[in-house]
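Chain IDs A, B, C, D, E and F follow the sequence of writing; residue 1 opens each chain.
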Amino acid sequence: MNNLGIVKRTVRRADATAVDKLARFGVATVHEAMGRVGLMKPYMRPIYTGAHVCGTAVTILLQPGDNWMMHVAAEQLREGDVVVAACTSDCEDGFFGDLLATSFRARGARGLVIDAGVRDVKNLTAMQFPVFSRAINPKGTIKATLGSVNIPVVCAGALVHPGDVVLADDDGVVVVPAEFAQQAADAAEARERREVDKRAKLAAGVLGLDMYEMRETLEKAGLKYLD
Amino acid sequence: MNNLGIVKRTVRRADATAVDKLARFGVATVHEAMGRVGLMKPYMRPIYTGAHVCGTAVTILLQPGDNWMMHVAAEQLREGDVVVAACTSDCEDGFFGDLLATSFRARGARGLVIDAGVRDVKNLTAMQFPVFSRAINPKGTIKATLGSVNIPVVCAGALVHPGDVVLADDDGVVVVPAEFAQQAADAAEARERREVDKRAKLAAGVLGLDMYEMRETLEKAGLKYLD
Amino acid sequence: MNNLGIVKRTVRRADATAVDKLARFGVATVHEAMGRVGLMKPYMRPIYTGAHVCGTAVTILLQPGDNWMMHVAAEQLREGDVVVAACTSDCEDGFFGDLLATSFRARGARGLVIDAGVRDVKNLTAMQFPVFSRAINPKGTIKATLGSVNIPVVCAGALVHPGDVVLADDDGVVVVPAEFAQQAADAAEARERREVDKRAKLAAGVLGLDMYEMRETLEKAGLKYLD
Amino acid sequence: MNNLGIVKRTVRRADATAVDKLARFGVATVHEAMGRVGLMKPYMRPIYTGAHVCGTAVTILLQPGDNWMMHVAAEQLREGDVVVAACTSDCEDGFFGDLLATSFRARGARGLVIDAGVRDVKNLTAMQFPVFSRAINPKGTIKATLGSVNIPVVCAGALVHPGDVVLADDDGVVVVPAEFAQQAADAAEARERREVDKRAKLAAGVLGLDMYEMRETLEKAGLKYLD
Amino acid sequence: MNNLGIVKRTVRRADATAVDKLARFGVATVHEAMGRVGLMKPYMRPIYTGAHVCGTAVTILLQPGDNWMMHVAAEQLREGDVVVAACTSDCEDGFFGDLLATSFRARGARGLVIDAGVRDVKNLTAMQFPVFSRAINPKGTIKATLGSVNIPVVCAGALVHPGDVVLADDDGVVVVPAEFAQQAADAAEARERREVDKRAKLAAGVLGLDMYEMRETLEKAGLKYLD
Amino acid sequence: MNNLGIVKRTVRRADATAVDKLARFGVATVHEAMGRVGLMKPYMRPIYTGAHVCGTAVTILLQPGDNWMMHVAAEQLREGDVVVAACTSDCEDGFFGDLLATSFRARGARGLVIDAGVRDVKNLTAMQFPVFSRAINPKGTIKATLGSVNIPVVCAGALVHPGDVVLADDDGVVVVPAEFAQQAADAAEARERREVDKRAKLAAGVLGLDMYEMRETLEKAGLKYLD
């Protein structure tokens, strides 16, 4: 039953074309396109304004105060991956800094999403290495206890399987299961196209009340206008 | 007793000249000038550095996870308004994004203050549409339950009546009752004038201890200097 | 037993050369160099990106909602000091703004670290006066109750003695006891030198697994690779 | 505009018979009967299991770390009142203990609802003096700054006018505007009566799906049953 | 990709004998026996001291402020089930009270684990219906939007599949995957047996240092004893 | 500079008679008697109602997720001690359960104060072993990294030296420096004596306004009574 101490080497990554297409859309759009599922909790924030990343998940399950598995994960990275790190209990230590970022980037990683703390944010920003975390913390970690790499993890409330698409921007982080990557990208594209027209109408002063034909439903629901 | 399902169309907005004058001062200054009342809780933060807004409140009472009333409120907006949205229970969903911002702006709104979450912050920043919120969250909302528009609401701990002046900047958000707008603006102006002189003295090395004549009071209170 | 109502005028400040040397390193580096001690809690954040300060602590123990001791502390400042303010109970009022910053700077202070709230952040940013705080809040304070100046305080979970070195950057805040300032600076320098080489190797694609010789230990700990 | 430093001696208290009737119902029932308004935030908790209170509000606006107004309020109490204390900024100091409880009870108060901390909870429990607070904290307060008594306050997110009915039990705290006290009591009674029958049906195994006739609406909404 | 609007009727429940055996052990013991996995976050607390439940999960995915799916789930309950309710976004409304508890019990449920709020806790306690929740809140909910029943959910950070064993007591909540129920129960039993002997030795004054033979490892790790 | 990996065997414990005397008073009383210093943060709560402990501190500095030092500390315990455990970073794992309680009690400990989580609370309650913690959590810990025993620690915001008196009850936790134990006990006794008389007066309906002669000061401060 124990899922600790395991490194899964084979990962079925989402299709690269679908990942690239998803990268063109915002997190809010993709989340809507998927039917409003797959979001991480809103406490996950970028370490610098404008951080943006999209790639296939290499997952890590960390132990509190211990980043040993980060090094194990580095070897499993491929071009286009995003590291997704969860922890067995809430811990805001700084599990990750610019040395690991240098290593991850050299091995192909596009960024990091971690339900814990990170440090060296000035250097990470200078490197433009996108990181989404729950905290910034100079507190270092040890390397003493086994976690796992590339098992399914719950990260900031979202279930992530290795190979899933992880998309993060200023709004937050969304996870797209690998098998739905193409479908989600297509739905996001369709949604974005529809919004162009809506935006133009709203900019021209048309009301959502009319554009979405809400007046009748509101009246039925009992809305009363008073002077 | 129920205040849900109501849209008040007539709002006594604060005097436009007073609003414009208040817009020249910082939130901290106005809060002091009013006798230290009217602040929202400090968890209300701008979505981008430098966001600043001052206008008359159009209020919304939202239901958790439901932004239907946003569309109803759009119709009630006039040039110079700021939308103030409270929720019947704590909810950090993303009730507002760039489409609604486009609509609100087209109808005259200067910004949004919302005790909940918003999304599309990259676009909102590009639009320079000032938003002050408790969270950023890509999670969308539904349109199913009635709240109200232009009733008095408690937003982030502050009571806001429709038509009150709402002023927000990097420090936070303050509410000025419509009937006190001119008085508050004048008091803020007077306060700011007095600070110019103080600032010069302090910059020259004069101590607050001397400038404010605190030494005697401190001694009476029992302050002891040790070497 | 009571430590309230006291101003200690004589402070044994850390050696200035050591302070200047420490100023060249990041908080994470110094924290590591000291053996991973001395950090404040990660809720302490800079009020603007890039804020950085290093200096000798003048400490203040504040009462909730009362910044009287700020003015008392101003007189005790010397060139190169950093004000470190703790509070007898958690309070996020705005204890500090641009007037006090002007005074502190005129008296030699390099910045402020405060386990409470501050205001006027727009002006403080324009002044480039570095402040690290737990909150931003326009709410003002009174001047009615004695606290103390230059007694040992617990600030954001860290024990600070007057004269200790306080170093703060985008990662957080670390306290170096005055007597260890030189030793910590030397250790930080040594650590940073070692990292140059490591960074180069990692950038070239060498794995931490190999560079730190972790493979054997991981195997002993029971790590299993699956396909 | 300033509402500090004021004691309002005349309070229009809710009708005593209506208060007594409301006292028979739970907070959840009254909240529902009123149309789901009037609740304080759920962080307000009783200091002992089973605490229950219903009475007319005498309101206090406190300053952080200062309970002076508690003593001022004691003189304004009448038989059947409940003290409702808000604070100008978030503060969890212990503003209230068994001495004040003794005084309040002697002057007619039935309990306390305070958006701050209290202490002496062992004695308060022994006295069976019901208190609902956001924190328990031995930290004492001073008596130095004016707040107000019997002005409208926002307490834990709810607007409370002096004389309103305040009802609190293990579920939380609800405020009933004085003018709606009788109406709310009647509605609560009606609601409770209806629930007797529902409870019996549900206990017999009838499903809410059938009792509330939800099946058709669920199907229309698109609910799909899979095997 | 959308998992909303679905009710799965067929659930592979964990073996009843294994469930009954697991019910004899504490959450901490089972969590250890499983290799330290499967816990919900520690903010999940029982609504009354001594609450204890063990059963097979019927899962619900709720929408914020909407408990419609609770009624849908009632029909899917069998003798020995525990309802596990997650929400698509953080919401502390009171989704559950004594009427639903009456219905759930009548349909065979042993208790509720909900990552949201509940109400009527006095009655629920009188019924001895065990509930573990993140909040207590009298605020009611609506019935307007589809969620799902018996899909895999992430509840308070733990992944729960329908049919998994859910065990909760004063320490917290643990989830045992259905296929490991027997194995976990056996491991828990073995662990508890071993603890009897340890407890006796420790009670007699034997040190863990000796019983677990830690002295040598501590010395190797560099522990220094000073006088 | 490093204070990790150290066990101090010699502790100057507070005088036993003073400790016994302090044990007779509540935390709020002792805190007041000391001049309002020495409190831990109010998030420290007893694991059962009525828990009460007073003794001399044996301190532990733990690493996150690691309770190794608990076993090292057990050997340093003497009759009358209270274990005070801090952690190098915030961690709510369950560092302590009934086995360690059995060991601690057998070695003379009266209770535990820990700025982290504990588990087995049902058994700890049955043992009536008083524990004050920030969390309850079944999550276990490892034994891999050195912390320290009997060094000064900051626990929940309070500085604790080995040998200091630690007093905890339903209100919270207060630390009395060993050298002030007798003085604090005497001051607490004097304070409690004075309160007897005050309580009688207040119970008879005398107002604090009169008993503490506040009316003149309030008037000077500008308090206004309105009808």
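One rule holds in what follows: a contact is a pair of C-beta atoms (placed from the backbone, for glycine too) under 8 Å apart; a residue touches a chain by one contact, two chains touch by 3 or more.
Since the structure is predicted, the reported quantities are computational estimates derived from the model, not experimental observations.
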- [ ] Could you work out how many touching-chain steps separate subunit D from subunit F at minimum?
- [x] 1
Task: Chains touching both subunit B and subunit D, listed by label - done: C, E
Open item on the list: The D-E interface: which of D-F, B-D or A-F repeats it, judged by over half of the contact pairs being the same residue numbers?
Closed with: D-F
TODO: Give me the rotation angle that lays the C-alpha atoms of subunit E onto its copy subunit F, rounded to the nearest 5 degrees.
DONE: 120
Task: Fraction-based call for subunit F against subunit A, same above half, different below - done: same
Task: Centroid distance [mean C-alpha coordinates] between subunit F and subunit B, Å - done: 41
TODO: Just give me the whole-number Å value for how far the CA centre of subunit A lies from that of subunit B.
DONE: 31
TODO: Determine the centre-to-centre distance between subunit C and subunit F, using the mean Cα coordinates as centres, and give it in whole Å.
DONE: 27
- [ ] Return the residues of subunit F touching two or more other chains; collapse runs of consecutive numbers into ranges.
- [x] 36, 39, 88-90, 92, 137, 139, 145
- [ ] Just spell out which pairs of chains touch, all of them.
- [x] A-B, A-C, A-E, A-F, B-C, B-D, B-E, C-D, C-F, D-E, D-F, E-F
Open item on the list: Touching residues of subunit D toward subunit F in the complex: what are they?
Closed with: 5-10, 48, 68, 70-72, 74-75, 92, 94, 97-100, 102-103, 105-107, 117, 119-123, 125, 135-140, 143, 145-146
Task: In the complex with subunit C, residue positions of subunit D that touch it - done: 63-66, 88-93, 137, 139, 142, 144-145
TODO: Under the touch definition given earlier, write down the residues of subunit B that touch subunit C in their complex.
DONE: 26-28, 31-32, 36, 39, 42, 45, 49-50, 169-172, 174, 195, 198-199, 202-209, 212, 214, 218, 221-227
Task: subunit D residues touching subunit B - in the complex, by the definition given at the top - done: 1-4, 34-37, 39, 41, 88-90, 152, 154, 157-159, 176-177, 180, 183-184
